[in-house]
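Quick heads-up: structures coming right below.
Okay, so subunit A shows up in both of these, paired with subunit B first and subunit C after.
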Partner chain A sequence: MAEPQSPLGHTFVPGDHGNSAGGIGLVLTERRDVSIVQVTAWRGTIPAVLTAIGDVTGLNLADKPGAGRSAGEKSAFGFAPGRYFVVAPSADLEDRLRRAIPLETGTIIDLTHGRTAIRVKGPWSEWVLSKLFAIDFSEHGFPVGFGRATLHHDIHANIQRTDAETFDLYVFRTFARSFWQTLGHAAAEVGYRVE
Partner chain B sequence: MIIKCPYCGPRDVIEFTYQGDATRQRPDPASTDQAAWNAYVYDRANPMGGHREFWLHSGGCRQHLVVTRDMATHVISSVGFARDAVASGKGGDRP
Partner chain C sequence: MTASRLSKGGRIDRAKTVRFTFDGRAYSGHPGDTLASALLANGVTLFGRSFKYHRPRGVFAAGSDEPNALVTVLSGEVREPNVRATELEIHDGLVTESQNRFPSLEHDVMAINQLAGPILSAGFYYKTFMGPAIGPLRSTRVWMFFEKFIRRAAGLGKAGIAADPDHYERMNAFCDVLVVGTGPAGLLAAEAAAETGAQVIIAEERPVAGGALLASAELIDGRNAAVWAREKAAALAGLPNVRFLTRTSVWGYYDGNVLTALEHVSDFKPNRTKGQARQRHWVIRTGKTILATGAFERPIVFPGNDCPGVMLADAVRRYAIEYGVAAGNNVTLFTNNDSAYEAARAMAQAGVNIVAIVDVRADISGACIEIASAAGAELVLGHAVTGTHAGKTLSSITVQHFNAQTGHVSGAAREIKTDCLGVSGGWSPAIHLASQAGGKPEWDEDLQAFLPPEANQNWVTAGSAAGYMDTVSVFSDGATKGTSSKTKPKLPAVDAPMFDASPAPVFEIEPAAKSQKAFVDFQHDVTADDIRLAYREGFHSVEHLKRYTTLGMATDQGKTSNIPGLAIMADVRGISIPEAGTTRFRPPFTPVSFGAIAGERYGDLRPHRLTPMHDWHLANSARTYEAGLWHRPMIYGSHGETVEQAYVREARAVRQSVGIVDVSTLGKIDIQGPDAAAFLDRVYTNMFSTLPVGKARYGLMLREDGIVYDDGTTWRLSETQFLMTTTTANAGNVMQHLEFYLDCVWPDLRVHLTSVTDVWAGTAVSGPKARAVLEACVTGTGVDNATLPFMGIVHGFIGDVPVMICRLSFSGELAYEVYCGAGFGTQVWEALLEAGKPFDIMPYGLEALGTLRIEKGHVTGAEIDGRTTAHDLHLDWMLSKKKPYIGSGMKDRAGLNDENRLSLVGLISLDNQSINGGSHIVSDAAPREPADSFGHVTAACYSPALGKYIALALVKHGTSMIGNRAYATDLLRGKHGAVEIVSHHMFDPEGSRMHG
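Let's turn to the complex of A and B:
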């Protein structure tokens, strides 16, 4: 189920912010209409889970660390051995995955109400995210489609690169407002637009 | 210190949680040998040089790892999933 109530509240202010007189280096959006589901394979069932994710979403993932794909608002990526984030703008995503993945194949948990999806897009995305997370954001180290699980000030986050300058961030919902404000501070120097 | 997680790649030590000596062997659970249990719980060799130890990648893939680290230089010579090490009988007990 998509979550209609944003945790960002009054901190979500559409418009231009920071040093926007010098240009817009980033566009920040909250993706409010997506369902977010975690799928976990048992040992030995990874190929079956990847096939099922492909059948449900049309996204065919390679069986290698962090591999993923995205198409429009749909995306899927690995973030740990046998564990996958699956995201789509459909309220029945969990049901469809549950039908495709019986308990013998894997487990399903709907994280939609527990995570907030934030999109960071623009020529300065690598620069700004590098201030917040201690991982390599270069396209060589973090290729398009791939996902990562990492920390922001001891708080867990999942990140997927969806194209050369776009990253989708999944942060804990209860920390999302704080994170959103920190992201704005980090983006201020390059000028950013909230849409 | 950077640990190269077999799933996530090189990550700063801040993402990991130390889980102790990976060389100790738990006594038979049925054993009532107090000296053996005391040694298992408390005695650590603290060697200078290579040491096998458990780390949890708590800030990444959340997998338990077995890391071989030089206790004097922090140079890490190997990292693997703990489940593989335990399955092969080389990882000591589970953390």
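Let's turn to the complex of A and C:
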């Protein structure tokens, strides 16, 4: 099977960057091994969709805005009313969700090729992401597991916090290289490693 | 004025030396010095020349209120003008120069302007350069002649033209409480807020916290006030729920409790760490704001008050206490209030020699008398300063008896030898941010100052910003405002004499006879006489006064000049100051660089949007251009080839054999749901519910007003799922349009929309050999005419990559669009090229794409320009008569069916010359201006298929004009040529090639 090409191209340079002499404040990775599927509920079918997501992924989501969970490389979170990202390292994720969620319950669209998953991990993750997005990244404003949909200028991003210092970002693929470079500039002062 | 470094004191690090230059001369100072304090310590008194009159000016204040000492900081070729020397921290290698002088600060030829004072008074420009024309002399012409000389003579620093090499960034912050200022009120307010567990941000514009405590002679809890402040700040900074920002000036207050601040991250350092921004622009969203911004000392206006050596009394104190600098050998204070005595006490303790204190008040408190006595200063009560004597700096002052009842001076003038005069005219709460937040400031008769307006958002002022002027009250107010708790806060013990905070209501000393100029606004060279002149000329309102004289409109926003200026206007109008009113402060509180506002976008204005095949394009000689945010190949140029030669070659290859073009940029929207087909019937003018699964259809959308909105093909993937394509430029707008209708107009429809533009890589394969190319590389499906008819869709593989292929044509040739997952875009693109090698397949860019569509008369955004109807574009056949749709109710308005409307035609150049896009269509054979235009060219090219220059145009009576001769005229670019008006279907009008 052909390997999908990363949109980051020559800008993805593994190694230490920026002010790394002062320590590594962040580790940036592109998560290339996950499927990204969007599930959307109809009005009144959110509980059924959440149950189905739980059945497929084992991640039980609360029915409240932005709620989500993650376990290992699997994650799910809401980012708009009735809209969820379900992410897992399995190629048949879309099929399994489609089987669990009939059209009467919701719709499924596989966005794996259309979104680039970037992981931002490290003690400076809140600081660096706050340079780019006008949302509150503190843990009380953005609890672990929760998701957000936000913008950096023209670049839309869905963001999930997976632990105290880790955020998974999903940006539109065609903007991903530009965003990756901007992210690198923002992270330079704290030193960052690309893995 | 002979300033010098005191033998001790200050928070400078005397063990270390910092070397810098000013006007090319080397100086040294210590870490902790500002440029102003270091230059004063080196005996420099002349800092710059004034805006209009080029008068010599020295340092006047010690902080952000400085009006005079503006300098330019040089860093290689980069110039940063108008930096306040009073805030500029020195570092090794700092290079600075003075401003607004030629050839040197000492010898400035434009100082001759001082002689032209009466001419250069308020309203000079309006009077001189506006007026009736007299013969050939029009005032605007005179202005145009003189403007360059005036601009050269006036003004502040000169901006450089070299690009700024620094980088900047933005920071978005959220907190429960923002405390602005870290004087005694700010520190206690922050402490009280932090104790409640709130998330607190503290912003201090200076390098160290403490505010007024830094230059205080008071003892707090038995310790030096500055030490107490340092320890309190350190304790606060160590709390987990507190973010303590120094060198951060909060400069804007906006609705929703959003405040903006500028942090100096590294521009005070000789060397920056890698990746460190120069400045950071903070946007702070807070639940509550505590404005502990302190108060600004204001001067008293008197003749000769602008010479070097005349300073604010508090500034003289701060240089002594904070920097260990005596601003003069023999300092005199001139005051209307008690705070100058507290300053005298502190200065005397620091070792400053105070020769006299001149007070307009005849009676002062015993505490003040004691301080003057202890300092060894002569008390000159009931007197005022009525003149100064200075060369480049102050040498003496004259004082006369002052009648506090009449405000007049009288009697014999007495001269006092002094080289530094510290002036105190009372204190004005720093209400700038509160004023920005809204509301009308309130006049306080006791303080003779405006207090903050009533809060209209969740903010409070605390301490001297709220009108409390003694440290005990300030502490109490700060601690109280920091929390909603009713518990009485425990306050630090303050050991200091109590003073009366009320000044005598004296703002200006008017000489009995014509005397020296008395300046109100130093930075804009506005004098007291200018204000009186404005009154005489009818500019009575403070808003008119401000604009006519430019009072308070300089970079310092009139921090030292507003109240004296208003007081003078109120006096001449015979009304009180509150009756005269005040203007509203606007952002920024202190100047902000554009780089900081641009933040991370400086040098990289907008993101770049790249297709999955972008790297391939660049590696294969594509010349790209920006289409919105997209970077798209224009041509794939060979060496020495012009753009026209390249696109003609590419378009010819498509017509003759086969070519491929990257169409990944087309907008793509996934439409799913039980009502998806019904939804499309409503948004498109033609029917989609009848479209079979596995087929695509060209669709047209109108706006509500009947004008064409967008077009594209939509593919039916299942009974309940469609893939809509839109024009590249309009993708976002169409998405919003559809979402609006689903959310607001038809919420009953069960349809979900998702942008999938980025999911798919798209390649169009066009030309007579297109099918042969697919046959060579596609597996899992046939692509013959029966399996894949026009507008049919099949699913197959190229290599092991799944692809979806739709047979449709924009070029007019046999053509297919091959879609695959974006991550496989380059593999599929290369596989198609490989399969096409036997047919000399050629990639083509947007220019060739445009050429092919112009030949065919297919429309794009150039024709769907927000003004054209379906009828104008000959697309009436797409307007269903069987159903309503968006725009159907309005499309038949008389104006949209007027026979005089422009409609789409083709043009063929008759002189074998190219036709410029945008040319007007006229009937005159000779170019003339103005021409009677009856249309315009929307797109033009050389057609390799026709061997002619052709164009599409929108022309009045378009269809009936076919066969006529006209002229395409572009006077702007000097082009005028004959054209024949033809059908817009200029090539293969029957469509036999794409159906073949």
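Please note the rule applied: the second predicted complex is superposed on the first by the 192 of 195 C-alpha atoms of A that agree within 3 Å, B and C clash if a C-alpha of one lies under 4 Å from a C-alpha of the other, contacts with A are read in each partner's own complex, and residues count from 1 in each chain.
Here is the rule we go by: a residue touches a chain if its C-beta (ideal position, glycine included) is under 8 Å from a C-beta of that chain, and two chains touch if they have at least 3 such contacts.
All figures in this text were calculated on a predicted structure; none of them were measured in a lab.
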| query | Which partner does A:Ser90 reach: the first (subunit B), the second (subunit C), both, or neither? | reply | neither
| request: See if subunit A has more residues touched by subunit B or by subunit C, and give me that chain. | output: C
| Does the superposition put A:Asp154 against subunit B (first), subunit C (second), both, or neither? | both
| request: Answer with first, second, both or neither: which of subunit B and subunit C does A:Gly9 touch in the superposed model? | output: second
| request: With the two complexes superposed on chain A, say which partner A:Pro65 touches: subunit B (first), subunit C (second), both, or neither. | output: first
| field | Which superposed partner A:Ala186 touches (first subunit B, second subunit C, both, neither) | value | second
| query | Touch check for A:His113: first (subunit B), second (subunit C), both, or neither? | reply | second
| Which partner does A:Ala134 reach: the first (subunit B), the second (subunit C), both, or neither? | both
| task | Look at A:Gln38 in the shared chain and tell me whether it touches subunit B only, subunit C only, both, or neither; answer first, second, both or neither. | result | second
| field | Contacts on subunit A seen with subunit B and repeated with subunit C across the two complexes | value | 134-135, 141, 154
| query | Once bound in the complex, which stretches of subunit C touch subunit A? | reply | 167, 169-174, 199, 273-277, 283, 285, 599-601, 604, 606-612, 614-615, 629-630, 664, 670, 672-674, 720, 750, 752, 754-760, 799-801, 821-827
| said: So in the complex, the part of subunit B that touches subunit A is made up of which residues? | reply: 6-9, 11-12, 14-15, 59-63, 81
| field | In the complex with subunit C, residue positions of subunit A that touch it | value | 1-2, 4-7, 9-10, 18-19, 21-22, 38, 40, 42, 103-104, 106-107, 109-115, 130-136, 138, 140-141, 153-155, 172-175, 177-179, 181-182, 185-191
| Where on subunit A is subunit B touching in the complex? | 65-66, 79-81, 83, 134-135, 141, 148-151, 154, 156
